[in-house]
């Protein structure tokens, strides 16, 4: 496997530093399977009901020491309405997505988790609970990843090979532990609109990038939530640009859908309309992240990121 | 009364766990009265002027120890302009809504409260004051519910059978006290787009669900308030999805209108336009929440939620 | 002068409590001068450059003890560009507005203040500095109102008869002092879409109401500022509703324009387009607030608000 | 060089104080090179990867003492995708911009910095690090400006003559030091829609004004980020007004584009569409800020701002 530090500056690219990627630009047929011009990958978080008991959701915090009755019902919506509605949407368009499953949420909603996989979607790792990973000890991390992978496999029949951390934050050990456990990709890097590698010791792990832009947890937050129609417009605009760039290099569009957020009616309509819009274009391919990672592992023109720096 | 834990995954539904609801999907004619395809229920909060004296409304907090003169006038708008304008809107479209009345606001505005009921709307419970219920003692809660029901009945001639808590938060005793006092439903559960049951000891109480999405207090907040037009679009988009789902199962759309918020001109226009839009569709029915609760109590295909957990 | 506590509930209004206002509804020709169906009154704040030195404007606060160089330049825009651009806009449409002038800002920008009045606009009171009035002693308040009125009169030739407090907040003495000094109206009450009276001891003072909705300082705040186009839509929607209501009772629309906010190009365009839109409708009248107050003082169908309560 | 304190009030301008600028209004041909009616100047910040290690970017802050892995990847996007995509956009429209380069970011991304200048854009100063300048000692400031200018010159071959401070805030010594070092302009004044002068001791320095309105760091902030389409509309609306004003006086429109913000696909599309819109109008000129400063220095009708006041 050969790593290139790719910098892309379009044409004209006269200077030496860009010659490697310039070469790549003439090698379009290797960007994606089926000569796709753009790959879109949707993440569907399966995590509600596993949230911390103190989590106030979008509500003002209440006085400590009293159990909250409304936030749990708001999260429960993700399992009652959100995931089922989203599953029907993916079926309508015949696309497969990646479901980032919190182990505890799978335990609490086993039939629904099983149904996600039965319909052809990827069960991917998302921790055992909503506890941040960055401050865990290595032992805690390893135990958490093993336990959640075991639960997901037991319930759905599929062992996860991908990972998404709580708020995307890793400890210095996260990636080494994931590699040791057989994971082949993570999504917790926002630096590119295409897959890449994160160095891990002498080796590396695939990044199938996540998004902070096309992300319902960012754009649909509480009283500042944008409309579904506005979100739809953003998705279309991003699509237009990446799709055009896709004739010259490997481009990927990432979209995030959290059970209780993207799963409400107006927001499902936005996704429905976007998918229909994207499919009107030729050579657009929706892919699960495990399939993307496997494709990427066979290519030798994938950028590698600088090693992470955990020193002060 | 037979309770089903309904999970809805559309077609195809091959696995056993979903057979009960799958059966239900063939039983459309029992979803709603008059074969309605979608029921819309509007909540009109009648609560301004009863707010806490320290409540700053949408204004920056002021130095303690000085009475505020502007927030009270902002709240007063709800009674001077908001409720009257909304009442005229409901009349224009010949629809009946549920008014969640704070007891103290009824005491302070008796003629207006009486007019709400005179025009055919439901007087429902919303506490005696704006004090949160979740931290009350059982005695305080019981006294508050009795007092506010007495006042509402005395002023409007109608005794409330429904309840909405301050910020939707209950104490462990709320529902048992409500049942004891003859209330038949509450709205403080956001987990479904249809009515359901909350278990209360060995019994249960109907949930006619409220909304945090189609809610003016969420979407029209201070300097981040969305436009009326944007809110209208959200309502239309939600309607489109629920209306379509309504051919296969019981679906309900909830909308919230607070006196001083939804009652301003541009926002009344948004509601006006939305109601007109909804009424262009066949088999759409606007219902008061007490009528919904009574209908639901006669049906045996209503989902029951998991018991609430008040342990740590 | 006869005061009516007007409550408006449209038709049908059968019950006795509403008979007074119901009578009023048949008396349309007295609502406004020239048989206007709707009066629009624009407030133009003339206050930048007088802000507190510590005022960070829309910027993140900086470390204490260092003078700030950017916020002053941002405020200065109001005098360099905002007021001149707004003045040209009013001229273009041949409308007169009310300018709420902070005394200190008049001292610092005398030529521009004079020009405002020279073009036919009202010089109204807005305090001597940006110090909140609600926590002043009566002596401080009186001195402040006299000083700022003297300055405004000296510079512009016009002595103010109206008042707007900092963030609309009054002390228990504000209105009595204003009356004593000959002011005839204030704008610091948001409870109605029409003029009314605030009781002051045994007398009263006219309210020409301000707005928190059509207010650039609310809708154009920092990073959550709405677009000019969205603001325009809100204004149009509010106009549509009040204009229609204006056939049955006295209705007034208030719009606020702060020098450094509403005076930027895209926002001036929004106001330009709105005024053009309003003027396409017959019987729409733009009025200064002093003219409104004088009209109102001659009418006997003006609602009076409940006395303010300054007790704890 | 003759300084005029220009106040602009359009026509009619009868009073003496405005005669100087009134004269100017008849002297249109001197406003801009090539008889341009409006000049647009775009700032492209080149600063990501030099941010402070503790900088959380748009993410919720994490527990202290643990390195963050996600914010650095989010910033890295600016260099991987943002700058390259923006560079291609400028090329597509054949316009030259000003790139405000943080010295440390140039050190970390030398090939990309060199490419910016190779394509004809201006390398301008933006500090050596992200440390605020306003609280630096004079020695720290001087050392910082020299070091960053040296680095930029060494890497790109161009020595900066312009300056943009961190959050636009200067110390009392900033401008004198810049002048001493040969800088000819700064952008840290928001008070006008045209160039002006800031007095520095007995001399002055050109202001090529920056923007807080057409600024991606303001309008695209975290969960309240507006859509690209809405931003596009704001730009068009501002353009329309300034373009029209440009027939009567010197007008300039400023737009800001930060690597990791404006460089994402939907936002590049907004800029692309805006530039295309602007270019449909005759006599619109895109200029680098150094070229603007040099033009201004040859004119004698440039307003001078009041001296800054650093006393308490």
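Order of writing sets the chain letters: A, B, C and D. Residues in each chain are counted from 1.
Note that in this section a contact is a pair of C-beta atoms (placed from the backbone, for glycine too) under 8 Å apart; a residue touches a chain by one contact, two chains touch by 3 or more.
Listed by chain with UniProt protein names: A, B, C, D = Polysaccharide deacetylase.
This structure is a prediction, so every number in the text was calculated from the model and none was measured.
Taking shared residue numbers divided by all residue numbers at the interface, is the value for subunit A and subunit D over half (same) or under half (different)?
different
Farthest chain from subunit C, going by mean C-alpha coordinates, please.
The chain lying farthest from subunit C is A.
Go ahead and note the Å separation of the Cα centroids belonging to subunit B and subunit D.
Going by mean C-alpha positions, subunit B sits 50 Å from subunit D.
Centroid from C-alpha atoms only, then distance subunit A to subunit B, rounded to Å. What do you get?
35
Identify all positions of subunit D at which a residue touches two or more other chains, and write them in rising order.
Only 224, 230 qualify.
How do the chains pair up in terms of touching? List each pair.
All chain pairs meeting the touch criterion are A-B, A-D, B-C, C-D.
What does subunit A use to touch subunit D in their complex?
7-10, 15, 17-18, 132, 134-135, 167-172, 188-193, 212-213, 218-219, 221, 224, 226, 230, 233-234, 237-242, 245, 303, 305, 308-312
Hey, which residues of subunit D end up touching subunit A in the complex?
53, 58-60, 62-63, 66-70, 72-74, 76-77, 80-81, 84-85, 87-88, 91, 111-112, 114-115, 118, 222-225, 227-230, 264-266, 268-270
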